[in-house]
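Here come two complexes built around subunit A, the first alongside subunit B, the second alongside subunit C.
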Partner chain A sequence: MADHVHLEYVVEGDNFVSAGSATESVKACLKGMGVKPEDVRRVAISMYEGEINMVIHANGGKATADIYMDKVVITLADTGKGIADIELAMKPGYSTATDDVRSLGFGAGMGLPNMKKYADECLIESTVGVGTKVTLVTKFSA
Partner chain B sequence: MKISQIAQILEGTFVTGEELSDREVYSACGSDMMSDVLAYVKDQGVLITGLCNPQVIRTAEMMDMLCIVFVRGKTPTPEMVELAKQRNIVLITSPRRMFSACGKLYSAGLQSGAF
Partner chain C sequence: MTVQALAEMLSAKIINNADFTRQVATGYAGDLLSFVMGKAPADSAWFTVMTNINICAVAHLADVAVIVLCEDSEPMPGVTDRAKEQGINIISTSLDIFSAIKKVLNEGQI
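Moving on, here comes the complex of A and B:
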């Protein structure tokens, strides 16, 4: 038996109807595995923000979830334009989102801060012109 | 408070999920900004919003919400209704504005789960 569950998704860029479907699938899987609702929600919030970011800023990308007994590791990798100043992007309220995105209820500059707030570990690697990879680790509460 | 009471207080119309209107909810959140819902909401059963797009349904699902009230007479699209149906989320549309909708529900005893 495998020691963990591996899930993979293709996230479509600029599709605001399907945005969030990868996260919903991971959420359903965690729920089905009996993970506590609070933990499931923490994973869902941070992954959803990351997924929305890929849809908005990076023309989509690939998402993976590796679910272990005690934690889940989410990666969100894109080949978008990259983040020039990660520290600035982490600042609550800082956003480069367009008015179109704001009209969807996002683009308030809360995406990265929310990811950091809800995940136990949040690693952002980015190269301008190459892409961004976000790794989110959420440990399940005892 | 039952979802049916919410609809009644807000003179709302069920768009979908009327059969689930017996469900109890204990707190609510009013926001047009989905990132704020994700940032601040803790265990809230009802989302009151003037925003009307599929991401509202997705956000409610992420937060395990049971019911969404669209204020200012906003009507969800068929696409949104379908998403809500699949997730057993009740959709209500109300002619009330955000401020009065929240005020009426708060006065009637519905709490804000987080401050």
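Moving on, here comes the complex of A and C:
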């Protein structure tokens, strides 16, 4: 048996009908593996925020999930416009979302704060004009 | 209280009955999806007027027990089918969000 489960998804930009499907799939997988509901929920919330950010802000990207016995590592990598000031972007309420996207309920500027709140480790690497990579580590509770 | 009891209390229309025996532990009100994601507790009734397809992903991923569409809001196309696929309870009431919550609290149910 492999030492861990590796999953990969392509996340389509600006598609709000498919948005969330990578996270739905990871959630189903974790649930099937018997991970505790509270832990599944924390992973789902933080991954969804990263997935939807790629849909809205980065014209899509790639998501991966590596599930180990004691933790899951999620990455969300895009080749979008990047984030100039990560510290500012992390501030609750900061958002560059357009009016169109706001009319769908996005743009509270709470996505990155939610990731930080729900993941045990949240690393954001970004270069303007090159892209953004978010890495989320969630340890399963005992 | 069950979703069934909540639907009756609010004289709500059934949009999707995935499992109305599910227990509603608490509630959350709001339309901005990241607030809901970050703050709605598991097994809550989510009171909103937001009706686009993204409410399904949010409710499902945050383990919301039932979406309560207020002000007679009609779900947008695709929402009901998605709710069926994902097993999400959705009801719709003519009450505004404040009145709906007031009713639930007055009847001492949450």
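In this text, the second predicted complex is superposed on the first by the 142 of 142 C-alpha atoms of A that agree within 3 Å, B and C clash if a C-alpha of one lies under 4 Å from a C-alpha of the other, contacts with A are read in each partner's own complex, and residues count from 1 in each chain.
Simple rule for what comes next: a residue touches a chain if its C-beta (ideal position, glycine included) is under 8 Å from a C-beta of that chain, and two chains touch if they have at least 3 such contacts.
All values derive from a computational prediction rather than experimental measurement.
K.L.:
Both subunit B and subunit C touch subunit A; at which residues?
P.N.:
The overlap between the subunit B and subunit C interfaces on subunit A comprises residues 16-17, 19-20, 23-24, 27, 37, 41, 44-45, 48-49, 52, 104-108, 110-111, 113-114, 117.
K.L.:
Tell me, which parts of subunit C touch subunit A in their complex?
P.N.:
31-35, 37-38, 42, 50, 52-55, 57-58, 60-63, 78, 86
K.L.:
For subunit A, which residues are in contact with subunit C within the complex?
P.N.:
For this pair, the touching residues of subunit A are 16-17, 19-20, 23-24, 27, 37-38, 41, 44-45, 48-49, 52, 104-111, 113-114, 117-118.
K.L.:
Would you mind writing out the residues of subunit B in touch with subunit A in their complex?
P.N.:
So the residues of subunit B in touch with subunit A come to 32-36, 38-39, 49, 51, 53-56, 58-59, 61-64, 79.
K.L.:
For the complex, give me every residue of subunit A touching subunit B.
P.N.:
Spelled out, the residues of subunit A in touch with subunit B are 16-17, 19-20, 23-24, 27, 37, 41, 44-45, 48-49, 52, 103-108, 110-111, 113-114, 117.
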